[in-house]
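Letters A, B, C and D mark the chains as written, and numbering starts fresh at 1 in each.
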Amino acid sequence: MGMIKYFTNIVSGFWNLMVGLSVTIGYFFKGTTTVQYPEERLPLPARSRSMIKLIYDGEKDQFNCVACLMCMKACPNNCIKLEGVRQADGKRRMTTFKLDFSTCIFCGYCVEACGFDALTFVSEEYENAVYKRGSLLQDEQAMKWIRPIQPANQEVLK
Amino acid sequence: MKNDELKSKIEVDFKEDVQSAVISAQKELILTVSSERYVALCQKLRDENEYFFNHLSCLTAVDFPKENKITVVSHLWSYKYFHQLTVKVDTDRNNPKIATLENVWKSANWFEREVFDLYGVVFEGHTDLRRIMMPEDYKKFPLRKDFADDGFIVKPS
Amino acid sequence: MMFTGENIVQIVSDFLHWIYSQLGISSLAGVIDPIIAAVVMFLFIAVFVMFLVWMERKVSAHMQSRIGPNRVGPMGLFQTVADAIKLTIKEDIKPVHRDKIPYFIAPIVTFVATFMGMVVIPFDKGMVVQDLNVGILYIIAITGFTVIAILTAGWSSNNKFALLGGFRSAAQIISYEVPLVLSVVPIIMMTGTLSLTGIVEYQRQAGYWFIFPQIIAFIIFITSATAEANRAPFDIPEAESELIGGFHTEYSGVKFAMFFLGEYIAVVVSSSVAVTLFFGGWLPLSFLSFLHIPGFIWFLGKLLLVIYLIMAFRWTFPRLRVDQLMDFGWKVLIPVSILNILLTAAVWLLLYGKKAL
Amino acid sequence: MTDLLLSQVKAGGEFQFGADEYIVNLGPQHPATHGVLRLIVKLDGETIKETTPILGYLHRSIEKICENRTYPQCITYTDRVDYVSAMSVNLAFALATEKLMNIEAPSRAQWLRMIFVELQRLASHLLWMGAFAGDIGALTPFLYGLRERERIMDLFEMTCGQRLTYNYIRIGGVMIDILPDFVPKCRAFLDYFQPKIDEYEDLLSYNPIFLERTKGVGIITPEVGIDAGVCGPTLRGSGIACDVRKQQSYLYYDQVQFNECIETAGDCWSRYKVRMNEMRESVSIIRQSLERLEPGPIEAKMPPILKAPVNSEIYSRIESSRGEMGVYLVGDGTAKPWKAKFRCASFNNLYVLDQLTRGWKIADIMSVLGSFDLIVPEVDR
């Protein structure tokens, strides 16, 4: 009996090895699933939280931001620095806006907190690596973003 | 067993061990015990067949600087009866000492090391009371409310 | 004139001897010929191994639904060249407390020992550096030499991981030498020769390849050969997830490249032996013989197939534990190969009677 | 008092050596320790005499951070407690806070949570399968696992915009409703995925080498397992029913049909098999949840600033991908938790490593660690 078991073990083990081998060799002849990144790029979903931008109103020639400081309060990491002044027409306007992307964790609370359509996520820009850490501290000019005339997708995260 | 049944049962069975048994607003049964009776009570809760709290789900501590106490909180669970229990024991904040639960549940070993590391509660009788998260030569207790250290910021500003 | 390996060798050697006579050094031909053969073999091996590294990457990539190297050259063919250049020019980091001389010698010995195995491989009829009449014995003896180098490397690096790797390797290679030899024995019994050329000639005359009567021997041979080459699933000497790099943890730059080359040459040698013994060496498939494809092309084709198989093992199977590896070698491979020898002997006697003896 | 502590540190930190014994440091930089776990292994040849895990290389004191953040802000940090299964930790914290503040999330949100948590379980188990096989030496399953995981990530990204740290499950609901084409895409994924599980099983489950490496290795007996606080799939491999989804049902797990996967041997292979079967069950749960999904609000009505009642506390448990995930919160009447404690499965599972590996070979550490599905940030927090 022991003898038979010894040989059946060898044979069944060998068989199971071949089953495993058939899976990998099968995939060898199937196509690949990877994308050659710098040449081929997959489109990101419209909701993708890739980069935070300040919406700039081209017609009125000003940022939408009114410096209500809601984003600053919502930020769990205090990475937004924001100042505003009351203008001649009595409305508050943002003067400086600084977002430190080196501590930003892209949680989305600032965009959700914004009630004036001033902050948004854009999905086009996602190569955010920089050579110097200081370049991650972006001001309003670096974050300026003009909404395209026809929104690419209505289902933008907001 | 429902929480209120459990509560009345515990009040009867462990009259002298338990300082107070309350059902909190969040519908959890919370026992407060004195530090002398702590280990004995836990041993009974684990071994006696009506309770059978064989799983120490969590053991941690809460710092109350105003009351000058650190409360060690353990959460028990029974894989047999599916009931949960919270056991609290207070200790002096300036000289926190409490008996170890390691002989009741093995899993208390690391939980207590963590509490020792982060709150400085000394568990008497613990076999291997060393720091577990912080470096071995660290001298402060980070989770205490009055913790301050070079480079430590509560929230970046 | 047929375009065969034998003819090519003949033409080249005629040409060389013509040059010798022009230079007036014909008397030295016996010295210079082997040197030239060795250099040619070295160049061939270097290029072939580079190709194999590329192939391994491609094979593994496609098995894993990836593409693999595709940046340097067409289909990434020159990736290995780039890597070789990188390995050559990078700093050679050496542990301070190493044992200097053994540390330096070990990679060279690995490389040389495996490379010397190539000497007796017949690529085609007559296309062999030296057709020894004890070819198989020679190969087994010379490739077993690597164990000393690996043990030395592990010891001299002064690193516990490397030492463990070296000891594992010693245990493994010595154990798997036995089934390797035993799996070859039936073929030697059948052919009555130890010469690799002779074995192929026997297959040509017999009209069948030894893979058919000796499938069990082939499986044992390929398994032990994989183990001899320290490749997965028997790569415990360098087991990445346990020993980081095993015996070559502390090697970098050119010395690491030597170990790397050595591993691949070992694969080439053992696959070549497998092709010679079990797949008829340079012999064509009989129904394709009208194509007049040269024998060495057949040989290379078969060689690549066997190497592909070894690569597929590597990228499919998990790694054995060290004691299980020993168990497998001693309790499965050796008994089965001994049984195989007995079986072959019995069948041979039944078929050919006393003539066979 | 510090003097006392320092003396204790020294007492525990020394080793006694026998003849032929030596120490090997596995980690914190080692290919098999999944991050920065450090194991000090005392060896005699290849045989393990003692394993001492040294934790803390990834300690970020998330509990301290949470004490200084408001409840919604804490959710972003829970992503980082266990980044392979971030949805589960989101859920654990959100559920605890909801219980603390007596908030009831609407039904659509609950079903969405179930779908996403189970998808997360699939993703986590896929990564685990790859890493486990990789620890044992088979590198190919890792890429197969990642290939399928990518598609789950795509589903997540489509819905909430992130691939790893989602911040999707919020207090009182979820962040945002799913897109209309999520449900068909999810179904398509499940149809694609289900046969793949069989393929992984073909590749690994009965491979004799895999069996040799995992069968009978690292046996956790039920008594040891319960005593040491082992939980989740690791304990279910020892034949103990300990699924929080069954025992202390949360979300709508009591309304769906699923089996608790239990194996009895308690070795690495049982734990492997439990997780493989759990993937099948998760697929079934997601299918049922997709059926039950109905339109409706996704967020409960809540005050703008969430404040916990004074002297309130809650210990809420869920079954995360790695096992029992508990969140202990103490509220003090402000918008910030007085105390937040994450009880993580990996922390307790790692505790038994020493007992399991004594007397085994060094390679078995890899099998056992791999079978625990250890995530170091969860251990260190």
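Observations
Rule of thumb we're sticking to: contacts are C-beta pairs under 8 Å (C-beta built on N, C-alpha and C of every residue); 3 or more make two chains touch, one makes a residue touch a chain.
Just so it is clear, the model here is predicted, and its values are computed rather than measured.
Annotation for subunit C: without this chain, the others remain one piece by the touch definition. Between the chains B-D lie more C-beta contact pairs than between any other two chains.
The centroid of the Cα atoms in subunit A and the matching centroid in subunit C are 50 Å apart.
With centres taken as mean Cα positions, subunit B sits 41 Å from subunit A.
Distance between chain centres (mean CA atoms), subunit B to subunit C: 64 Å.
Between the Cα centres of subunit C and subunit D there is a gap of 45 Å.
The set of subunit C residues that touch two or more partner chains comprises 63-66, 315-317. Each of residues 69, 140, 147, 203-204, 207, 209 in subunit D touches at least two other chains.
Contact with two or more other chains is made by residues 155 of subunit B. Those residues of subunit A whose C-beta lies close enough to touch subunit D in the complex are 12-14, 16-17, 19-20, 22-24, 33, 44-45, 47-50, 74, 76, 105-109, 112, 121, 123, 155, 157. The part of subunit C that touches subunit D in the complex is made up of residues 60, 63-66, 160-161, 164, 168, 232-233, 235-236, 239-242, 244, 315-324.
Of all the residues in subunit A, the ones that touch subunit C in their complex are 10, 14, 17, 20-21, 23-25, 27-34, 36.
Taken together, the subunit D residues at the contact with subunit C in this complex read 22, 24, 30-32, 46, 133-140, 143-144, 147, 203-204, 207, 209-210, 212-213, 361-366.
The residues of subunit D lying in touch with subunit A in their complex are 69, 72-77, 140, 147, 154, 157-162, 165, 167, 175-176, 179, 199, 202-204, 206-209.
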